[in-house]
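Here chain A shows up in two complexes: once beside chain B, once beside chain C.
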Partner chain A sequence: MSLDTVKRAEETPGERQPYAELGMKVEEYERVREILGRRPTGSELAIYSVMWSEHCSYKSSKVHLRQFGTKAPESAALLVGMGENAGVVDIGDGWAATFKIESHNHPSYVEPHQGAATGVGGIVRDIMSMGARPVAVMDALRFGGADAHDTRRVLPGVVEGISHYGNCLGLPNIGGEVVFDPCYIGNPLVNALCVGLLRKDQIKLAVAPGPGNKVVLFGALTGPDGIGGASVLASATFEDESHAKRPSVQVGDPFMEKLLIECCLELYQADVVVGIQDLGAAGVSCATTELAAKGTGGMNVRLDLVPLRDPSLRPEEILMSESQERMMAVVTPDDIDAFMTICAKWDIPATVIGEVTDGGRLVMTWHGETIVDIPPGTAADEGPVYERPFQEPAGQLALNSDTPKRLARPADLRATLLELLGSPNLASKEWVTSQYDRYVRGNTVLAQPADAGVLRISEAMPGAEETKRGIALATDGNGRYARLDPYAGAQLALAEAYRNVATTGATPLAVTNCLNFGSPEDPEVMWQFAEAVRGLADACKTLGVPVTGGNVSFYNQTGSVPIHPTPVVGVLGVIDDVATRVRSGFTGDGDRIVLLGETEAEFGGSEWAHVAHGHLGGLPPKARLASERDLALVLTTAASQGLLTGSHDLSDGGLAIALTEACLAQGIGCAVSLTGDDAFVELFSESSARALVTVRPESFDTFAKLCATHEVPCYSLGTTGGDSLNVKGVLDIPITELRQTHTATLPGIFG
Partner chain B sequence: MARVIVDVMLKPEILDAQGQAIARALPRLGFSGVSAVRQGKRFEVEIDGPADETALSDVRKMAETLLANTVIEDYTVTVES
Partner chain C sequence: MSAARVGVVTFPGTLDDQDAARAVRHAGGEAVPLWHADPDLRGVDAVFLPGGFSYGDYLRCGAISRFAPLMEELIPAARAGLPVLGTCNGFQILCEAHLLPGALMRNAGLHYICRDQGIRVESSTTPWTSDFTEGQEIVLPIKHGEGRYVADEATLGALEAGGQVVFRYTGGNPNGSLNDIAGIRNEAGNIVGLMPHPEHAVEDLTGAPSTDGRAFFSSILKKLVNA
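And now, the complex of A and B:
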């Protein structure tokens, strides 16, 4: 077995290298040769191939994602924007919150339990690396049809994986989504969000400044995890059977992650960390090149010092390993003893593997021989950027012309309501969420099925002020809307998450997104992507909430059939006094029920069209961003004045489903009258910028004036109380029947 | 009547967090000289007839579909004598 050193690479310029097997295009390989002035060594090829992959380099999406920066609204709250491990926002009283959503789609299809579990682990480490204590997680999940055979394999595994990892870590799972659509068969979407809290002056960044500073790898040992690709290199170079087959599945250890969390927090507290980064995809390659590129420019690493779980690993494999629960820190020589002592206290293996230099080169050696010598920026930041062609899909016009107007309207609205309520997308998700711990740590104020998760900020963090504030988080996305119009679909996803946060009384502050699409090499998919990003960036500007980070997941397709474009948007908000948060649904008898916002006949992509007719066509509801802003202002102002006794946002399934869920929240019925003459439209249209609230009768005038001030339409519908949902002259359904219909579906399918 | 044993182990390259935890605990309990532990599962399947090739093929099918997660685990089937 010979080692592919820099010296050897210089001597054997013509050696064939498996760049294509590693997913590199010939032009990309040529560019590496040009940068280095020679052929890359096997290890260098490993680094460039992973760092220039779509996943790490954003080479197809970058040109579009720039809009999140150029169109970003002014935000006084933004402390750290895009480009770091996660965005950080100022939430007041010296506190900051950091949050991000990330996909783990493909691994969750291959091995649902481990794929979803490591998805949670990965996003939690992103939050840790910002200097924060992770305080909650959420999951936005999408599966093929609920009754599809493969969904019965994937969904239980994913839910189990999320609950296993999250529950072991002791992090509450406070919300998210579960959506079914045949387009996700073979391509489930598992998008995991984590939020963390930290003192504003405590933010850590992924930088490696200061020549002479030590580079420490700490956490789990490095094993052959997730390096299916690297085996090509090893076997091509070494012709060794044992390297021919490496698993692409990574397995996580939540108890190790829990130790890492506590260890990192103590390291931050002791102030012995100069820069820090988690090891995710691309492992050591990513951490070393990115840290070095953002620091003084150089780093020397002795790769043979990386502690291994499997001693047979070759340097190429070490560089590409995706072993979980690992972090890399930059530490001054003076602090290294203190750093190691803290790691030892938490039983965390930690090893100095190199040091920062000012040479502008990332140099790695293997038992004294140089195997990597590259300018780190060329791998980390200067990867290829593609302006991929895009064009409107051939059938888009026909799809948009096939409006729901042709669909037969139901004669029996009672039956329609029950049919929708029991359909998998609108049915109770209790079967899923009851497997998650929603209240561990004791700071959960609102969790599923509330519109948004709300946490009080009550952390024992030395030096931090006591505060009455809370944070609210919601994620939303609607693939059917985005399929009909990706520009509007992305805006509607943002609008709904924004509205959900405001519904609890919190002021929306910042955005994270997970953009799930098919192949970027398909111009029609690329069009969907370009439109969605443009729509989201424009909407963020209008709503005044900046994108702080997120991720892009391409290649979610089976054969040539992509999933519906599915931008999932997370919104973080802050509430000044968490005691003023508004509870979900009807909370007492005799309250006035008020509908806010205007209703038009909008059924394109609606749940009704989907469930009753299996129809997808026309245009989604209009995104009414100015109205969303006014609505949010009314909701947050009214909440802070204590005017609202309950609230619920209107979205999928329209007013009918909102009223039903409001009744089911605490088993309190209502009697309402519709204001117009088309009960079907009023009950089932999915017009955006609407919400239900309840106010005490004596507060109604004050509330109505507030609505008038902000020009938010306000309709008094009726009164809470009783044990049925009574829409006068239209339907009257006992709550027991509603509950039975709502809760029976998922247990019926998944047992 | 025969007893067929199915042993299920994580594939050698897959992280075994429980095995590691046991390996870490042993020195604390005074056991020395252990360099690694891997943990697996053992199933004892009682079958009605003899352990002939048909029966073993059925047990293998059981292992593939239920007893082992072949994405991350290997299994072996043996007949207890």
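And now, the complex of A and C:
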């Protein structure tokens, strides 16, 4: 057995290396040789292969994602933008919020419980590494058909994984989505969002400045987790000691993560951290190269000092291991004792594995021999960038021409409402959300099924400055809309999340996104991606909310069939006085029910077309961004003036479902009259930029004036009260029947 | 007169300690943080064992916590009459420490469940429930995966006969607990354990849609002030 050292690499330039097995193209491998002026060692190849992977380098998406920067609206609130572990926004009174959504799709299909659990763990560590206390999580989930056999394997596992990990961490789960569509049967989407709070002047960054500063690896021990690729490498290089193929899904330990959170917060409070980075995909490779690249450019690491769970691990495997619950910090020599004492208090293993240099090289040794010697920036920042070809899908025109106009309209609107209400996408998600703790930490003001989750800020951290402010968060995304028109679909996802935040009374401030697509090597998928990014960047500009970060997930396809393009958008908003937040739905008897916004006959991609006809065609509803902006202004102004007693956005299933959900919120009925002459369109169209609000009768005139000022159409529909949903002359359904239909579906399928 | 001092214990993995401390403060008491590794009760007048997943719930919920250095002080003090309330994981720890009889098993439905639950107060004779009236129907959140209360027949009979069942679930038993038991007390009455979370039901703005948890804290503070 021989160690593949730099010296050996120089002596054996012709040795065959398994770059292809590690997913590298021959040109990429040649570029590494060019950078180093020799062949890479096995360890260096490990580093470049993971750092230049699609997941870490964004090589296919980068050229498009730049629009989030170039088109970004002016925002005084943006403190840290894209490129860091998570974006940070100023939320006032000296406070900042950091939030991000990230995918864990593929692991969640292979092993639903651990895949989803570690998805939560990973995003929480991203938030921690900004210097924040994580304060809540949300999940945007997509599964195959609800009654499909495999969905019954995947969904309960995913929910249990999120539930177990998130609940053990003590983070309230305050919202998210569960959507079913056959296109996700082989590619479920598990997108996890975390939000954290911190003092504006306490932001931490992933940097390693100051030669002589110590590099500390702390948290869980390193084991053979998620290193299928490294096994290829190890066995190719060290045939006599080849490791068996190992499971490639990581296993999470939420207890360790909880200790890590408390430990990190104490480290921040003691001010003993210069730079910090979490270890996610690409583990030690990623943390060392990124920290070094953003610091003074150099770092020496003794890789044999990394504490191991499995002592037989080779250096290549240590570099690629994705063991969970690990962090890397840069600490001055003066603070190292204090750092170690705090880690010991929380029983967190911590080891100095190296130090910062000014040499401009990342050098790693293994028992005294040099196995890595690279300029770190070449791995971290200078990965390949591809301008992949894209073209409109062959069937797109035909799809858009097949409009819902040909679909038979229902004769019985009562039956249609109940059919939609009981369909898996509109049915109550309580079977899922009741497995999540929404109360822990005591700051949850609103949680699912509210339009957006709302948190109180002031007690998030003991001893922090008092503030009346709160934050609101929502995620949305509609794959069917995006399939019909990815440009508009991405805009509609943003518009809905933006609107959901505004319905609580909060002003939308910033955006995170998780872009779930098929293979970027398919030009038709690449077209969907390019269109979605362009649409989202344009909409962010119009709505004045910058993208602060996010994640791209490609290769969500089975064979040559991709999922619907599914941009999931998260919006964060701020409410000046959280006590003025507006509850979801009807909250009392005798309130005036008001519909805001215009309704047109828009059924392309609608729930009605999907449920009643299994139809997907035509165009999605128009994105009315200027109207969304006006609507949000009316909602937030009215909330701050105390005019609203309840609110709810109109989206999937239109007015019919919005009225039903408003009734079900607290079991309060209503009697309404429609204003036009086409009840079907008024009840089931999914036109955007609409919301339902309730006001006390004596406040109606004031509210109507506010709407007029902002040119928001405002229709008084009727009054709350009673024990049924009564649409005069159209339908009258008792709340008990609505509730039965709404709640029976998921338990009926999942037990 | 200085405020009554209620200790709030933090084990590694405790989650609801911040909520418990806040609830004590809102009721006018002083919340004293107690660390699992310090065998020192800091002279508190009562102790709250909050919920969470102490020690990751490894082995069995509460099984490791009972051996924490702090518990070496707490167990004899509780036996000598110190008022102790354990909620959720705190209840599990009290059972593991044999300060309360019986055990808490995996929910009958096998799922973790978080919901606002109807509860009936069966006893107002404990220092933690004196501001309730017997038979009062309240709503508190529950959030647990292992809350199915079990005990052998003799123990159960003794609990019922001795009036030691303090809380019962109403409107549907969420976890399969025997006799719908949501919470119990020891014979002396100073130690109470329950699965629901009063600390999440003390504010209008946040938490559960009820403030029924307040009476737990007003009860104990009254008792301590009058003591």
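Criterion: the second predicted complex is superposed on the first by the 744 of 751 C-alpha atoms of A that agree within 3 Å, B and C clash if a C-alpha of one lies under 4 Å from a C-alpha of the other, contacts with A are read in each partner's own complex, and residues count from 1 in each chain.
FYI, a residue touches a chain if its C-beta (ideal position, glycine included) is under 8 Å from a C-beta of that chain, and two chains touch if they have at least 3 such contacts.
Bear in mind that the values here come from a model prediction, so they are computed numbers and not experimental data.
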| item | value |
| --- | --- |
| Touched partner set for A:Phe255, first chain B, second chain C, both or neither | both |
| Contact breadth on chain A, by residue count: chain C or chain B | C |
| First, second, both or neither for A:Ser323, with chain B first and chain C second | first |
| Chain B versus chain C as contact partner of A:Asn443, first or second or both or neither | second |
| Which of chain B and chain C A:Asn167 touches, first, second, both or neither | second |
| Partner chain in contact with A:Trp346 - chain B first, chain C second, else both or neither | second |
| Touched partner set for A:Val578, first chain B, second chain C, both or neither | second |
| Doubly contacted residues of chain A, that is, touched by chain B and again by chain C | 253, 255-256, 347 |
| Contacting residues of chain A [partner chain C, same complex] | 160, 163-164, 167-170, 253-256, 258-259, 346-347, 433-445, 456, 459, 462, 578-579 |
| Parts of chain B lying in touch with chain A, wherever the complex brings them together | 10-11, 13-15, 17, 20-21, 24, 69, 71-72 |
| Chain B-touching residues of chain A, taken from the complex the two chains share | 110-111, 114, 220, 223-225, 246-247, 249-253, 255-256, 309-310, 323-324, 347 |
| Touching residues (chain side chain C, partner chain A) in the complex | 12-13, 15-16, 18-19, 22, 52-53, 55-58, 111-115, 141, 143, 145, 197, 199-200, 203, 205-208 |
